């Protein structure tokens, strides 16, 4: 089943063609990486898909539903989760409260003005389950800013998971991590796909990560998709090599 | 009944050249005072991201310092000396405020929301403090000085007679606006300031002492406010409420013109100044509401203001 | 198992209930009434500031709207006092719906400025509309409510009218803040952008928070009018908002009872100091500077720090 379908997506900011005519199709359970040099349009592409910007033209379908131009709070409720490039957690809240807010929202309990939140067993249980899944069990009461960078990234992913999304968008999930932390994070991602059937679309710069974990790779450059295929194909692809390596030879 | 009379009065004035000119001149003069305060406010907000609630009080300080100076030293050139020196005194006070109070707050609170909140608290604290200190030192009366002798001769313009001073004020305003534009866009210091606004970290790593830069910019803003006070003294007199009164209007000007824009502050000040002097004729009771309504409309429809940009 | 904290609160409430009967100082009862009312106003302000992360500079507009709605209904429409009181709680919320809708479209400083603009518009209209609102003179001789034929003229009587309303309101606020709705508000305070990606419609929650706080601000305004017996335009002026801001920060913006503690301190200091000096603003200004530099968590924040260091010292002692 096609989880995500992007057709003819264009995003222009004034005269800047950040995203130009992108087509993409993701099957359920797939792990897809989007790679490309800086400025290739990966982040803008992600931002349009998750609803931050409406596209200039083109369409986005989430499990067959047209979600083009819907704001983030609607798209996330329809099954799309997002994790950010710069760690974007709720810093003044504890680890528990971070996930609690997400769970409350997804379980549609946010309209409850009167019951103490601590008494809602379903919410509390779900929060603990998520914390377990991302390896933060035991740290619920810690202020979220006291976590290590890697742990904060896992919390970040935990937040994105709270809505049991069908598809998870990860914008450079291993940015700033040590190799050890990167391995842990990618193991986590693989586990998520297997156990929860989550489809993953992520943007990455770290090639080791990309080639070890993904099913298919999409390569972008200057707003366009220049190649797509399985890792072996991409490694051999001439234009991809030019884009990544070409600059080293250009001067010589 | 009152509204009808007001509208009649407005029409009469608009059709009579001398009345029209009279209101225009007073409106534009007031606009220059507003512009000086608003441009200082705008620059401080644009560069340091601080809403300086004490800015009206700095204007007030300028007026009071000028009053004391001119009453202590009476000579033919007193006014000119005051005009050139007092703003630097106010700038010095501004630097004191920034260095000892606002800078520690910026350093102590990494979270921007907290920083903004405590900056507001601190500048408001200065407002309260200065308004009372002025009462303690000078007393609660109104103080006025006469127009400087070199600028009191009257000119006749379109059937109405004004002291040259009014035109002098307008000229000063224009000169300052051009000077500020020049400073910001053509000097090195201005370039560094603009760079610091868009990317503080890079500028700092290039060796620029950003905190010192901030202090200097704040002092510049204070200088502008102080100059406004010195200029306003002969026309408007000094009193403990003058800071608070003009502060709200300055906010309106800054919002309408655009936070961070100097020409915007000038345009906004002229708009509010003219609105004021003609609005007083039309519906005296509600002219202040119009100013706030204008502010609300701008914030709702175009928060950047007329010329505002994030530099 | 009764938590020691809950026991403490029960005792405090009991103390408030019996206070005027034990301590027969009318002045203190008067002071306490004012503290309760201003405390409620500060709490309503903190719902937006401390819990939702919004700084409503025009918040006093709703305090003033509550006060003037009550006054005008009594004086111009000749409605019974209690009915007017109930209406004066809800009519300002209608204004808040429109004002709040526009304000939340903007963030941070622009929200604060737009809120300020609306607040000052309300103030100026009240101030200038002499024929309807009494203009800058205000409206005087507002009677006290009559309960079961008994007019609550005395200070003690009005204290017992105010107390249940304030306690009930505080209880409601406490429940709101602890509820799932409250958790989401705090998440929005911390990171509105992230919250949008968690299916949270940030603007809806901000508007609801705005309406709730406007309701309690209007209630405080109405209670205040009945307390003082008059209504003046300055109730809606930005300086009133600043009173709430100072009380909130002084008490502690991240704690629930902070604003009330702040209200108690500020009101108490005001009354004491104005008998000795006319320069209360000067003192207040110095307090603000001190707070901004050294005491961001307010009095409650300081208290928390002291508790922590006592605990640490205690555990050191045992080793």
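Think of it as A, B and C in the order they're written, each chain with its own count starting at 1.
The rule is short, and it goes like this: a residue touches a chain if its C-beta (ideal position, glycine included) is under 8 Å from a C-beta of that chain, and two chains touch if they have at least 3 such contacts.
Predicted model only: the values in this text are computed from it and were never measured.
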item: Chain nearest the overall Cα centroid; value: C
item: Chain located farthest away, centre of subunit B as origin (C-alpha); value: A
item: Length of the line joining the C-alpha centres of subunit B and subunit C, rounded to whole Å; value: 33
item: Centroid distance [mean C-alpha coordinates] between subunit B and subunit A, Å; value: 48
item: Centre-of-Cα separation between subunit C and subunit A, whole angstrom; value: 42
item: For subunit A, residues contacting two or more additional chains; value: 91
item: For subunit C, residues contacting two or more additional chains; value: none
item: Partner subunit C, residues of subunit A touching it in the complex; value: 50, 71-74, 76-77, 81-82, 84, 88-93, 97-98, 100-102, 104-106, 109-118, 120, 123, 159-160, 162-163
item: Parts of subunit B lying in touch with subunit C, wherever the complex brings them together; value: 45, 51, 101, 104-105, 108-109, 113-114, 116-122, 124-133, 135-136, 248, 251-252, 255, 259, 285-286, 288-289, 292-293, 295-296, 299-300, 303
item: Touch list for subunit C against partner subunit A, complex; value: 175-176, 178-184, 186-187, 189-191, 193-202, 205
item: Sites on subunit C touched by subunit B in the complex; value: 49, 53, 55, 102, 105-106, 108-110, 113-114, 116-118, 120-121, 124-125, 128-130, 242, 245-246, 249, 279, 281-282, 284-289, 291-293, 296
